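Shared between the two complexes below is chain A, which pairs with chain B and chain C, respectively.
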Partner chain A sequence: MAPVHTSTAPASDGATVPSESRGAALGNLVRRPETGALIGTLSVFVFFAIFGGSQFLSAGGTASWLNVAAELGIIAIPVGLLMISGELDLSVGSVLASSSMTLAIVSGHWGAPVGLGILLALGLGLLTGFLNGLLVTRTGVPSFVVTLATNFGLAGLTLGLSRVITGTTSVAIDPGSPAKELFGTLLANKFEVAIFWWIGVVLVVGWMLHASRYGNWILAVGGDTVSARATGIPVPKVKIALFMGSALGAALVGVIQTLLYNSAQVANGQAFVFNSIIAVVIGGVLLTGGYGSVVGVVLGTLTFAIVQQGIYYTGWNSDWASLILGILLLAAVLMNNTFRKMALSYAPKRKA
Partner chain B sequence: MSTKRTWVRTGLATMAAATLLLVSACNSGSSSSTGTDDEATTASGGGAGGVDIYVVGGKSDDPFWSRVKRGAEDAAKVAESTGGSVTWLGPQNYDNLGPDAAKLIDTAVSNGADVVVGPDWVPEAEDAAFKRVVDKGIPLFIYNSGGLEAADSVGALNYIGSDDHEAGVAGGEYLGEQGVQHVLCVNTLPGAANSEARCAGLAEGVEGSGGEAEQLPMPSSSFGNPTAVSQGIKAALLKDDTVDAVVTIGTGDADAAASAIEQAELGDRVSLGTFDLDETQLSRIKDGTQLFAIDQQPYMQGYLAVSMANSYVLYGIELPQRPLLTGPAIIDGSNVESAIAGAEAGVR
Partner chain C sequence: MSEPLLKLTDVSKSYGATAVLHDISLEVRPGEVLCLLGDNGAGKSTLIKVLSGFHEPTSGTFEVDGKPATFKSPRDAGEHGIACVHQFGGTFPLMSIGRSFFVGAEPTKGWGPLRRFDRKFAGEVAVREIRALGITRVTDGDRLVGGLSGGERQALAIGRAVYFGANVLILDEPTAALGVKEAAHVLRIIMQARQKGIAVILVTHNVTHAMAVGDHFAVLIRGTLAADFRKGERTREEITDLMAGGEAMAELEAEIEAYQREHAGQVPDPAELEQLADHQKPTA
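Here is the complex of A and B:
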């Protein structure tokens, strides 16, 4: 999420706002790229509101999926941005694990101030993202392979170092104030502060993608790299910044989970690799890049979290949860394709 | 033309070498992180009468296996003192566990093992490899999983470890004594033989005192994400207000369950227990927010298996206890202090 350029050229005019049809009529709603994702979120919510009973709708029930969505969303938003630019990041699992182990070892095992541990954990994330970006832009190796490699490499490094340093693979930490309140506490004993971090990420990234010129750059890079370069967009810098963003998101969730559960474990985090991609795809982002929105990713994340947690409120055997997720993923992508076609094929010929 | 081909070949060779380096780096990271293993392996190359022990084990990044490995490493010091060596072979991941373990067993044989120690996780896949060990006249010990049945069927000398079903029964009986009636067994690895046996044993133990236990299976998309596990448990507790105890199959899940009970504000009604043990469980048991932990004492599995392998090959020593059980041990408020000391050393 570091700005691509420090030179702050004014880009506030509405002229640079991409794919935004202001003052759109209600009929145009179906042509918005997020419409498919919105229908998905609403239908799973209604579904579980009916079958999940009053507990699902209670504050505790709402917190159930909101907490899960917040942590997933902090990773899924920057991962979505990266996917819009045409790249994948499969290293978020190991970044999460290494960031949480870094914090636990520095501040829990060695007893350094928690602030220092958090800075190092986030710094490690940024460094990994920088390396990912550099490798992808310099070598031309697909990001799928590069980030898969860093996911394994970093997992091995985290494991090896934590065993050499602490002798174990799960390290306890007693964060204390104010780090606990800022990152890992429960408001009203139910809602994670991660929700506010998520909102913050949504606002910042939403502004970047939809209201700043960087958003145009990202969409252009994902749409057609060659043309993007020809028009003067610094493609490598944009990509490196985006890789750093997704790694920073993963590192932040690592910090949040460590401070929330007062411990770090080497094996944590790998579920986020595919869950973040699922959330982004349900949210209508094209796997090939060049198309997608922050609102869509937010909706995709909510849909995923509601399905994953809602099943426990139905009282049904949760053996079936993965099946429902699989069906949902397929249905969401098919629906998104339909709405994307409608959105893209719409040409304002009949303009009044 | 020929120079071009040479270049290509050099490039390929470099890449292959780099890949090998990477793989071996991963190996040394996850399976034999201590330098002593490697030194011992080379030192024993001369065959100065020492015993070359090959131990097949789990990924050492799960907290449990790091303790098994710690026990094996401590016992290795004795083997090394007589010129022997202990080599740890572990899979990179658990995605293809049976076939991977079978390959590791074959690797141990082809590396010239004097004795092999291995867990029988997936008998269908591994037993053929274990039989090849026995057919070559190499002594074999089964540990950690499989039980005495597996040891007997492949012709191993003994089984060292815990029995998941027995551990579950012990936990269930303990809960029964505490007056618990309705237990939720949280299973984050549904379908795995050992986690199913734990939950089944738990149910049997609780039923002995008139209670009941049911399983809460969690999909793989929750594995390794404490928030998803925690919110799932919270939902199940809110859904069914007769549940008065939650038992998890591992320590990471227990951390998530503790948070779930706190968020549901059910600390007075629901007590928490877990299979396996780590520092965080111990501190919760100490301050009273967790009732107990069922320990299979993994350190002793590695320690005893390697010790027995070494002393059998060197001196023909066999113990009368078959199987040689390392657990279950119930850790609760009464014995938590000494367990804390062990955890600080990375042993418990």
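Here is the complex of A and C:
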């Protein structure tokens, strides 16, 4: 600090220690936003490792929850990013179904090249996300309402058009090589290739949120939109891009599922609407925006997947999985609030 | 006298049919603190929003350094060296100090797709600038802004504006939410900015704070510039009067006097006084 200014420092603050102790690793860990999510993931893993036994811990058991986590994660990561910016996306269910049907109709029913079908499916997702973002930023209607409307509207459109074009609500497709290998195959007969897509999404989005300058913009937009605008951040553009991101994630899962099961159905995907929000919230993202991390969302997704699949290995009725998830969601939010308070109430230690 | 940094001529602003500002003409000079005073609803916030580029004026002209300018967005105003700091510092409670300091102008390192936010540099600069404003409790740029006190957040926001080359600093009620000690600190920071040749526009309700740092005072009443005077030209009582609504208070005093005359010098009891005061409230 410049010596010129030292005279203005209040005398009472003179005892501050500038160099911070690096030994307080545990203290720093506790102040990370992901700590609550990490405890959640470890707890459910240990719980089901005990009650699910060796079956749960086997390669098959691991694949079962990893596959669920991968598909959910591809949607939950961009949805989490959107939620950090302070918006919700409830339209991912219909985006998934519509892109899935688009691929099946274009490449299965009409027999066009699979590559074209995939491009159109992803393009439709991007378009829906763009419309969501445009409506939210232009009209000021809460994204909860806008995307809820999109979810219903697009569901109706998908059902209606599918019946008009194909006469059914389920369309088969023969993806062939290399689309099948790239999107919808099982490695070692167990692990979905989607796991690698998920890892890719995590790396790209993680870089964007935590390392690139755009991450700072997203945090700022969610933290205080007015101040963010005052600093010159193009708030509407950021939000529209994030809506397109979450829709693209949903469309990608639509493509993956269609190519994995060799068919598409109009009712696919609605479970992802709330499951993605649950994963994001368990992962420590603040519902009102401005706070969260990609690692947290990954942990939240894993927790969700372990509970949903782990229950089958315990021999209990799977009806109980939702009860556990409900309790876990509430517990996670309470725990995350505590860790956030600890992060905020931090003050540098003074010499005694 | 030095050339004005910012000059407003006959600036008006209306929202639809409602006129909020009428023909405001003001000059802001480097190294001066302009105190913008006025009751709630007098148009202070609108004037600040016009100054900082959030709203475009309906009519009137702006000059920056003698050259005409128009602000279409806060970014435009920022490029002309005008920065606005809001009551709560306009900062992001859940962001780190370093990130918050550089929002919208992030320092990056590396090349091409590997260009990344320079967290270390951001944290170091933020802590250095805040400490330069006399806040020595802040030592770690990775800590969250929410852990700072109100005065520290103001220091962060002011330090940020100064670092990015602001030469007109608009402070909207910076001391309103602060305790006595913290407010004094913020006033010291204002004086430091003034010494650096920065023009400060200070919006406040607190006469003591305004008198302590102000060189130039402008009073807004119902969207018009009711008074524009320099330090020493008015007494504290006159300023208080103006801030409390000016004429309205004078009229109230006149009525109390009239009452005293009618009632042989008797002072009205509190209930009657309240009635008088109610009667005086503007009927807008």
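Some observations on this one:
The criterion applied here is as follows: the second predicted complex is superposed on the first by the 324 of 352 C-alpha atoms of A that agree within 3 Å, B and C clash if a C-alpha of one lies under 4 Å from a C-alpha of the other, contacts with A are read in each partner's own complex, and residues count from 1 in each chain.
The definition used in the following text is that contacts are C-beta pairs under 8 Å (C-beta built on N, C-alpha and C of every residue); 3 or more make two chains touch, one makes a residue touch a chain.
In this text, all values refer to a predicted model and were calculated from it rather than measured experimentally.
Of the two partner chains, neither chain B nor chain C is touched by A:T62. Of the two partner chains placed around the shared chain by superposition, chain B is the only one that A:T166 touches, whereas chain C remains out of contact.
Contact with chain B, but none with chain C, is seen for A:Y313 once the two complexes are overlaid on the shared chain. Within the superposed three-chain model, A:S43 lies out of touch with both chain B and chain C [touch as defined at top]. When both complexes are overlaid on chain A, the residue A:L344 reaches chain C alone and has no touch with chain B. Contact comparison for chain A: of chain B and chain C, B touches the greater number of residues.
Judged by the touch definition given at the top, the superposed model places A:T225 against neither chain B nor chain C.
Touch criterion met: A:A211 reaches chain C, while chain B stays clear of it.
When the two complexes are overlaid on their common chain A, residue A:N189 makes contact with chain B while staying clear of chain C. Of all residues in chain B, only 22, 25-26, 28-30, 33, 60-63, 66-67, 70, 190, 216-228, 231-236, 238-240, 251-252, 255-256, 259, 262-265, 278-280, 283, 345-346 touch chain A in the complex they form.
Only residues 1-2, 5, 8-10, 13-14, 16-18, 20, 207, 211-213, 215-217, 219-220, 223-224, 226-233, 286, 290-291, 340, 343-348 of chain A touch chain C when the two sit together in their complex. Only residues 53, 55-56, 58, 60-61, 63-65, 67-68, 71, 93, 152-153, 155-160, 163-164, 166-170, 172, 186, 189-190, 192, 257, 260-263, 265-272, 274-275, 308-309, 312-313, 315, 317-319, 321-322, 325 of chain A touch chain B when the two sit together in their complex. If you check the complex, the residues on chain C that touch chain A are 52, 54, 73-75, 78, 84, 86, 90-95, 99-100, 102-106, 108, 115-117, 128, 131-140, 143-144, 146-147, 185, 188, 192.
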